[in-house]
Amino acid sequence: MNDIIIKNITRIIIPFAQAYGIFIIINGHISPGGGFAGGAIVGTSLILYTLVFGREKGKKKFSHKTSEIAESGGIMWFVTVGLIGLFIAGRFLTNLDAGFPEGVIGDILSGGMIPLLMIGIGIKVASTMISLFNLIIDEGI
Amino acid sequence: MRKILSNSLFIILFIILVYGIFQMPTGANINAPAYNDIVNHYLNSGVSETNASNIIAAILADYRGFDTLGETIVLFTSVVAVGSVLRSTKYDKEVRDHE
Amino acid sequence: MNIEQLPIINLLLFLLMALVIPLLKRRPFKLTLILGFIVLGFVFVSSGYLLWYVNNIDIIHYTFGGHEARFGIEFIIDPFSALFTTIIAGLATIIYIYSSGDATEGIEKTEYGRYYVLLFILLMSMFGILYTNDLFNTYVFIEILSITTCAIISIKKKKDTYTAAFRYVMMNELGSLSYLFGVALIYMATGFTNITLIGETMQNAYALYPVNIIIALSFMIIGLGIKAAIFPFHIWLPDAHSAAPSTSSAILSAIVIKVYILVFVKVLFRVFNIDILNEMNISTILLVLAGVGMIMGSVFAIAQKDVKRMLGYSSVAQMGYILLGVGLLSFDGLRAAFFHILSHGLMKTALFLSVGEIIYYKKTRKVNDFDGMGFIMPVAMGVFSIAALGMIGIPLTSGFISKLNLGLAVLDHNQVIFLVILIISSLLNVIYYLPIIILAFLKNEKYRYRMKSIEDTPRTMIAPLILLGVLIIILGLFPNQVMILIEAAVNSIMS
Amino acid sequence: MLILEKIIDNINYIGAVALFVIGLRIVVTHSNLIKRIMGINIMGTGVFLFFVAIGNVTGGIPPIINNNQINPVYINPIPSVLILTGIVVVVSITVYSLSLVIRIYENYNTIDQTELSKLMSEEDNEH
Amino acid sequence: MIKIPRMKIFDSMARSNSYLVGLSLFLLLVFIAFVGNWFGFNLWISNSKFYSQILDSHFIDYISIIIIVIPIIGAIIELVYGDKSIKHRDKSVIYMGFLTLIIVVMIYPVILHRTLELHIPGVFSLGLNLRIDMLGYAVLLLSAFIWFFVMIYAHEYMTKEKKSTRFFFFLSLTYSAVIGAIISGDLLMMFIFFEIMTITSYMLVIHGQNDQSYKAGYNYIIMGLIGGFLILTAIILLYFNIGDLRFESAIEKLEELGNLKYWIMGLLVFGFGIKAGMAPVHVWLPRAHPVAPTPASALLSGVMIKVGAFGIIRAASSYYFPSKDVITSINDPLWSAASHIGAIIIWTGIITMALGVFLALQQANIKKMLAYHSISQMGYIVTGIGVALYLGYEGAMGLTGAMYHIINHALFKSLLFMIAGVIYYHTKELDMYKLGGLWKKLPFTTFTFAVAALGISGIPLFNGYVSKTILHHGIVEAYEMGNHLFFYAELMFIVVSAGTVCSFIKMFYYVFLRKTTNEYKTMVFDYSSLDIAMWSMGLIIILIGLFPSFILKSLIIPILNLTNYDSYFIEHQILHLNVFKSEDLLMTLMIVGIGIIIFFVGKKFNLFHLHLPKWLSIEYLVFFPAYLFMRNLCRLMYGDRCPTDKDDYAKLSEKDVEKIGFIDRFVITSNVFNRKYEQSIIRSDALIYTFFITLILVFMLVKKHLL
């Protein structure tokens, strides 16, 4: 796809899209949305990039290694958050009793571990989408 | 013949299920059996327990956080599985030539 | 860190192991194997300890995030789940040791890492299914299990594996969706997903909305039946078993389908309590399915030319036995069924692993090529014979004990016809297992002159086989000790 | 009339069941693998719709608590949570089966179930 | 005038063997001395301190395990030697057999005094039960002797066969299984040892490893396992209804079961009857005997089929007899079950014996003929068992006859098989019409054959006469006390005995007397272990014939005393039984006369050569409906596109059951079925799902709303 218009517009759109996705992720616990939606948006933006600028550049932006680390990292993050709960409060995935910061209801920094988990989920979903997409277009028909 | 048979099967199934639905507690109001004390607990004291104003997020990440973990594992697994199918066709080609 | 953390620790260990393997890609593969063995060993020991604990001290309730069970997700470790997690861990360890002896047949080197990742996630999901006390959580784990099982079939990258895995994925998904539909209906009528709470409220829910419960139950039966390869839904099994690498087939038919039938038991006895089941008389449906399966599975198995396919069909027949025990909805029935789950697990593992060794070294899977095989691979064929005799139900093997118990349980339900079916299907087993043994040990000994050239199979492959053979015979000689544990499990499931 | 009212009351549920059966019919009758996957997806959608319909409350608002409503009626949040999980699961199954379809197409040059089984039986006869 | 053939100086092995045989005969002598209480021997032993110590020592109960384990040890040692040193290998086997024999003979006084019982809980689900009582002991002693002699015989015989190590290994394992089956204390243990015996003896049957032996062996093991499953079914039914499997009277509980008790007994009779070669299910026997090596067939006929008969006696006389203290008269309702069963068993026995003799007369192959004779002799035994059950309280005569005939038949039949083996060993020929004139070459063999033949055809002064007479008495009682139909049973009995006489005259004539062309000139007569074993058995036969009351006193009376029979009857009828009454002798004369007539008639119009058409064979007739169904199943499945004449499907219309048996036909049918349906089932995956979900929903909803 060597259409100048699409390339430019993509260049303009992608930052907004990603910003929006990240916004949704970190606002997941006070407004509609959350890790899945946000992660999907971020992932889509990167897919769009690959579609427009081709696989090679896409690789540069988000390499195979990165995606792998993100893959494992998402779950690792989730598990670590859970384990903190286990070690402090004696239960896996404990939220406030494990001493996560309560914050003020309605703020970004509230809800204890929920935002953290949301971020983990977001990373996970985004990276999964991208790597699945890459796998299919690498080996696809 | 077989098509007619299968279609009639589907019709019967559909009718049975719709008939079943008519016997179900389908009232879309807060008296439905599904809308029980658990829901009320979430709605009333969910915020104070988790400090998150989005109850769905609270349930998703806190009350039923373990489900969410499982689901991230599903994603991970799907990536690994798809990788195991799609990565490195080299061997595959050899096999096809070999056979 | 007190004992009640052990279950979640087991799960997380499997998970972390699976996550670590990709990061160890640069390191030599042996390291991964050793690490995995340590994890499996630890889990086996800890679940054994849990088994002892729940049988002698107390049942463990574990809720996540410290919420009440009704609001969050709950693990229950009772004699039932503890027993079967221990069995699974043991079998998995044996299969793991075997597979580490580079006998993951047909898998290319680059896929080993992924194979073990999938293996560990698979184990984790099975533990989760057994531990959890929440219908929806069970659904999530079931999905993980179905993806991983399909993946360890299709990892072999042959033409037929793809089609087999595709059919399997389709049927699996039908099953999962039916199960989920059932969950939805139950949630609609009761408003819970926690099994204990549902069990408490089920009685009056059935009084209010019977149709709900009936439809839910039938969808769940079919859904889990597909996954457990109950006879008319066994469609995916023969292809999957014959296509998959041997270790995967062993895991599939020795462990995975058993886990599904355990979920089945959980759903039947904990979600719907017995008097409802009797009122709807589920038992008729189950017994009919079981009886047909016991005969037809064997009849199909007789005609097979491919050994692994034959074993697959024989698993179908054996699932019929187990379903027969479950379908009696009685103490004795469950006892016999659980014992048969254990003994069939052992025997089928032994069969698949020995056949796997033969396929790996002799590159043949046709039954007719087995003549004189007993002289080339004595250990493999010996263990195969022991397990096959067990399948037939010859005394001194565990298969005999389970047949005895099943027969008594059937009489207890005064269904003499099923005793006859039991005997007939044993005879059918004779017809397709015996010729192989005779062929391997007595028929034309054209391999005899190659007695020197017995393949020196690695110890890691021989040892598990011998262990399995010994276990089968020990279980056949002294069943009582195991029976105590099983009875505890049955009591916990039926109370 | 009464039956019509019943249908209108339960239109969500009936729609869900209809989706389920339609998806099932696609899986059964169509021999194109990709169509079958779609059928599975439609079935899944039916089940999720059923869940949502359970959670639905007429005039209810999404359960996001902020104190500027007067005695609000919230919908039942649990089904939404459950299907959030379910959707993701079905997505990953779909991806996996699609990848299998890719491979099948590479090996057999067809994605039609009947032709596929014909080819496979021919191969069996060869061996 | 025979010119004395040159003797071969016999090797060290043969010498040691003959010593052993001498020792065993000495043991026999001691036994006789003990029973006959010569010069106070009996009293001396029973009063001796040592004996009384043994009697109340707990250790003696473990003897039962010891005698099971000894042969296994022998087998292991034998494997260790293997082919390296044949001498030591065979010695280990033979000595182990001898050791068992010694122990078995030695415990006679103990058994006479009390029953040895051993119970080890925890093994299997019911625990390990072993018990030696008089009934078991009689069979045990018998099999110990015969096994020992056959092992001595086998040592020399097997030198000409290959893979003799495997043969001896499985021979010893079979021995321990047989002992276990005899001395097991409950039905489950008996069944378990029975299964082991089936499998190990299978290895003996197929030892030849040619197609014929594979066919016969497959037939043998399949039928054996079927019998096993029948017994297993009976066990499950019994255990469920009675809650105990030990051999004790359970008739009170059984009476409550109505017809089920007949089903159970029927299952048991057929399950054990398959091993015992009973009439409809004997088909494995005439196939397995000729192909097995001679020692194996001698043991099959001598011991193993007896174990089948023993099983029937055991089960019937323990479960179906009222316990001793309950019943004291014949007209008690509790006897009715036994007598109903007995009537059926008698007729089965009669049919069996008639069938066996009739088929035996047509055989050319010596071993096949002997095999058919085993069937007919088993018919005698089964008839005896039937009488024992039928007459209930007064049936002592029948049981006596059965046990006595078990002993006698074991002796002369294994001896006859050994002789057939010797003939084969020297001439490599088993067709009696090809043989002839052997009496010059093998005079001693001829002599022993004469003894055995006189024994089996029931001539006075030989053992067969005694038991046949007793059985005859039994049948006579049966129709005097019971139903008059049994008069025809007696007629059959006489005819069959005549047939037996005839067929042995025939064999003696064709094989030994008849003049032939000068083949076998070069054959050397040699003197070796073969003959040692055979002579000693012939000696025993003659001894029993001369002193018929000895066995009665030593073994059978104690058995009867343990069972619940009329003690008065036992005292007066059996203890002082005189078999040499005039009418018995006259009847024997008649039988022999008829036999000779049949022989000459048959020889003149050579009826011995006529053969029945294939489709008349029992197996084909029994399975005919199944065969018909299988043949037409194809039409059902494929309609007119049925590949009837194509590939293997054509075989289904084969009439010869020797070529293709039931199992093969079944396999073929299942193949056709599979070819048609497997793939189509697999293809219609989701449809099946839809169908069943709809079906179950309809079923349950309809049920819900109708009820």
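A, B, C, D and E label the chains in the order they appear, each numbered from 1.
The rule we apply is simple: contacts are C-beta pairs under 8 Å (C-beta built on N, C-alpha and C of every residue); 3 or more make two chains touch, one makes a residue touch a chain.
What you see is a predicted model, and the numbers here were worked out from it, not measured in a lab.
J.: Enumerate, in label order, the chains that touch chain A and chain E alike.
T.: Where chain A and chain E share a partner, that partner set is B, C, D.
J.: Tell me which of C-E and C-D has more C-beta pairs in contact.
T.: Of C-E and C-D, it is C-E that has more C-beta pairs in contact.
J.: Please find which chain has its CA centre nearest to the centre of all protein CA atoms in view.
T.: Closest chain centre to the overall C-alpha centroid: C.
J.: Could you tell me which chain lies farthest from chain E when each chain's centre is the average position of its Cα atoms?
T.: The most remote chain is A.
J.: Could you please state the distance in Å, as a whole number, between where the Cα atoms of chain A are centred and where those of chain B are centred?
T.: Going by mean C-alpha positions, chain A sits 21 Å from chain B.
J.: In whole angstrom, how far does the Cα centroid of chain A sit from the Cα centroid of chain D?
T.: Their C-alpha centroids are separated by 25 Å.
J.: Mind checking the centre-to-centre distance between chain B and chain E? Centres are C-alpha means, answer in whole Å.
T.: 66
J.: At least two other chains touched by the same residue of chain C: list those residues.
T.: Where chain C meets two or more other chains at a single residue, that happens at 15, 19, 64-65, 136, 140, 143, 147, 150-151, 154, 159, 162, 170, 174, 187-188, 210-211, 214-215.
J.: What positions in chain B touch 2 or more of the other chains?
T.: Counting only residues that touch two or more other chains, chain B contributes 6, 10, 13, 16-17, 19-20, 24, 32, 34-35, 38-39, 42, 47, 49, 53-54, 56, 60, 62, 64-68, 70-71, 73-78, 81-83, 85-87, 89, 92, 96.
J.: Out of chain D, which residues touch more than one other chain, so two or more?
T.: 20, 24, 27-28, 54, 62, 64, 66, 78-79, 82, 84-85, 88-89, 92-93, 95-96, 99-100, 102-103, 106-107
J.: Give every touching pair of chains, nothing left out.
T.: The set of touching chain pairs is A-B, A-C, A-D, B-C, B-D, B-E, C-D, C-E, D-E.
J.: Any idea which chain A residues touch chain C in the complex?
T.: Touch residues, chain A against chain C: 68, 71-72, 75-76, 79, 83, 85-86, 89-95, 97.
J.: What does chain B use to touch chain C in their complex?
T.: Touching chain C from chain B are residues 16-17, 19-20, 23-25, 32-36, 38-39, 41-42, 49, 62-67, 70-71, 73-74, 76-78, 80-81, 83-85, 87-88, 91-92, 95-96, 99.
J.: What part of chain E is in contact with chain D in the complex they form?
T.: Result: residues 679, 683, 686-687, 689-690 of chain E touch chain D.
J.: Across the complex, what residues on chain E touch chain C?
T.: By the definition above, chain E touches chain C via 122-125, 191-192, 195-196, 199, 206, 209, 214, 218, 221-222, 225-226, 229-230, 232-233, 235-237, 239-240, 663, 666-667, 670-671, 673-675, 678, 681-682, 685-686, 688-689, 692-693, 696-697, 699-701, 703-704.
J.: In the complex, go through chain C and note every residue touching chain A.
T.: Those in contact with chain A are residues 5, 8, 12, 15-16, 19, 22-23, 62-66.
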